[in-house]
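Each of the next two complexes has chain A plus one more chain, namely chain B in the first and chain C in the second.
Showing the complex of A and B:
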């Protein structure tokens, strides 16, 4: 559950946040990658479409919901980065 | 204790039953106080599923079937008056509803039940239903799984957002001049005909009418007022999925989509007393049935789950009474605070305001449980 702060280690893993390449330390969360990338938002809420960024970073607030490697509504703070991971904006409610 | 505060009605219980009656009385022009126990209470109104559901209510009890239908009919008016009073959108959507059957036996049993309901309804308020086979049903709900054999449908059913409903009733009540008192468990009461005193939250309230709508608390409270409320807790559990884009055209008994997009999965029943712990076996059964009904649900994340206690009268049928010993004291007991909100606000409250329950409520009296002397 607890992960090391990302700046404590060198950025060695390349991921893509909304298509933009960013280098992050191994073991960082996808939500940390979103913040390091300086993205303006990682989701648009399902009711009003308001833009949101990661907030609690510990799996509680659901504001970091993102599309991760094509899977919708993933809590980005709860998954570790992997080389080449694609983290994209979750636009509203997922479709099923 | 402070000096007594006088009202025209005291309502004990700030859940859906008490709040709907309180709003109805306030709308009738009565000066009311609503006493709400606090978060120590079991609060069925904050754990329920949110169906407005007529098709399963009142088998073998035509008066209950009729009362439920009156309530379903009154619901659009209740939603409208809450919108007018406080601008609330309680999310009423009443397109009819289905009860899914996952085997031929379930389908046959359901058909028998629906046929009995229709027979018992008679001609004054006919019960229209259809048993719909899977191929036609798939046209209505394309996401159905291959295990679904068919469903019963009635046009009366629907759903609302129960938390918005509770909030809207409270706001409408206080907006109409009603006084809401939180953390007000009844500590003591004195009853005399049309003259009641209730001590709660360190205050004294007096009124010529008292309405007991304290859910499971009514069982202990009712005898203080010459009434009887034999109700027991019956546990139900609910699973909640992540929000998804609108997918269902209508609610089912066990799966519905909220106005915000979450799916609620439920309809479990367990007789475990005052136990609100969640049971993995029950949760697994709810999930399994939901996935058999709609296989896509297996891909969704479950984000919350809870259990709550229904207020179940001894025979499953609502109980309404006015005290014979202390006229002016009323009870309302049921496990359908959402479905019956329409009837409670628009039909029952005017009767209580007038001081007399309509004859159509006679069969709901708890006197039906009295042991008859052997001849």
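Showing the complex of A and C:
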């Protein structure tokens, strides 16, 4: 769970994390939006179904794989938020 | 066809681009992030006014502005997924390929993985991750925050969080007793005293924080998320656990290219072999900055400039005399920036338990969910190294392509085989350097 510091970076962009609206600062990543929304998980692993949240935030760990605007397996830490972006939990492997 | 393609717009890549442009080279710079800066100066154009981050961070703005003005072609938000150095062909997504006569890899570092029990629980993150939250979103972890590990970044982050009114409730420092003496004996502290004084300033500012020193047996506990951190002799409730045991070169691309690598005993990691100008074992490829061995951003700036001078010389734009003359002051700056490394490497050497978790239950491969015990069992069955372990366990075959587990798997196998870690060949990554969809591939 993370909190913004409006005095430093006001939250001006509305995105939807698992359908819930959340305001985040411009320049934040989709993964940051998930952390700011206080979501319990950004994905469930394809092996055991365990919940995960982002670990590295710099494109290394791939624990932030999420569905962004309908596209599965997106590295959410590498995508900047855009108004109206929909970020939802990646459940297991993507469906082909 | 560009004269020079630079992968990574951090300090090394930006400094190389500025220098190369000043020498008249055509330059392409590619970076995965939306803006230049690398991890150290991440989002500095947007966040330089945030006093919490400190003066050193804000100073990165000057370098970013020089880079923006340099006339280099900049492709942000772009991933290099294959490189053919013989043909000078870079496969990039999105936006398609590019060609260059010479390639500089300035891909920087990643945090050294810290495989402890419970490190996959939501709420456990790298300290670098928390810093990125600060830089890109101005955000801080809410609730009880515990910092565990060691290194300069631990104290920098502790101070930044304190300034932001989100001070950690506890700092668990893993540096064993007696290391300070070893660090002073390693040398470099007098020549590197400016950096050392900066570190002491951070320690002074961190005063008042609860600190437990010489921590061992670190583990994260909780149901569905981290709720508690425990160590030998203690435990504490926590909502966010931030781990850090230093950084290591991001060797994915250089290893995939088959560049010659050497074992760095001081930093316990592999790094590409480069000459004084950053030139690697392939005659069209150079590596500069932390990707060639951890040295920090000031050393990376110098290394980037040296690699640019060398590129200009190799492309016939700078005479041998001109190269020597221009390189001399940069080389002095490089040596100066690296002066404190022996001290820091000795002080913050990772413990054996960080490199190879003792507890067999610890998950080492986060993607395929493989434990240390499974890797040890595979080693007993004959897996000679991480490349063989793939066929036993799929370690290194998940989404992160071994970035998080490769070094740990190699270390565990070395332990079971009873051989030195440098005798176990590192995981050999393959292209695509990052996962691609079939659709992306078809669209190229």
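The working rule: the second predicted complex is superposed on the first by the 88 of 96 C-alpha atoms of A that agree within 3 Å, B and C clash if a C-alpha of one lies under 4 Å from a C-alpha of the other, contacts with A are read in each partner's own complex, and residues count from 1 in each chain.
Operating definition for what follows: a contact is a pair of C-beta atoms (placed from the backbone, for glycine too) under 8 Å apart; a residue touches a chain by one contact, two chains touch by 3 or more.
The model shown is predicted, which means the values in this text are computed figures rather than measured ones.
Between chain B and chain C, it is C that contacts the larger number of residues in chain A. Contacts of A:62 after superposition: both chain B and chain C are touched.
Contacts of A:73 after superposition on the shared chain: both chain B and chain C are touched.
When the shared chain is aligned, chain C comes close enough to touch A:8, but chain B does not.
In the superposed pair of complexes, A:92 makes contact with chain B only, with no contact to chain C. Chain A uses residues 47, 62, 73 to touch chain B in one structure and chain C in the other.
Chain C contributes residues 32-34, 39, 43, 46-47, 50, 52, 110-111, 119-120, 122-126, 128-129, 132-133, 136-143, 164, 166, 224-225, 239-240, 250, 366-369, 398-400, 403-404, 434-435, 437 to its touches with chain A in the complex. For chain A in complex with chain B, the residues that touch the partner chain are 46-47, 62, 73, 92-96. By the touch rule above, chain A contacts chain C in their complex via residues 1-5, 8-9, 24-29, 32, 35-36, 40-41, 45, 47-48, 50-63, 65, 73, 77-78, 80. Chain B makes touch with chain A in their complex at residues 143, 242-245, 247, 260-261, 296, 299-301, 303.
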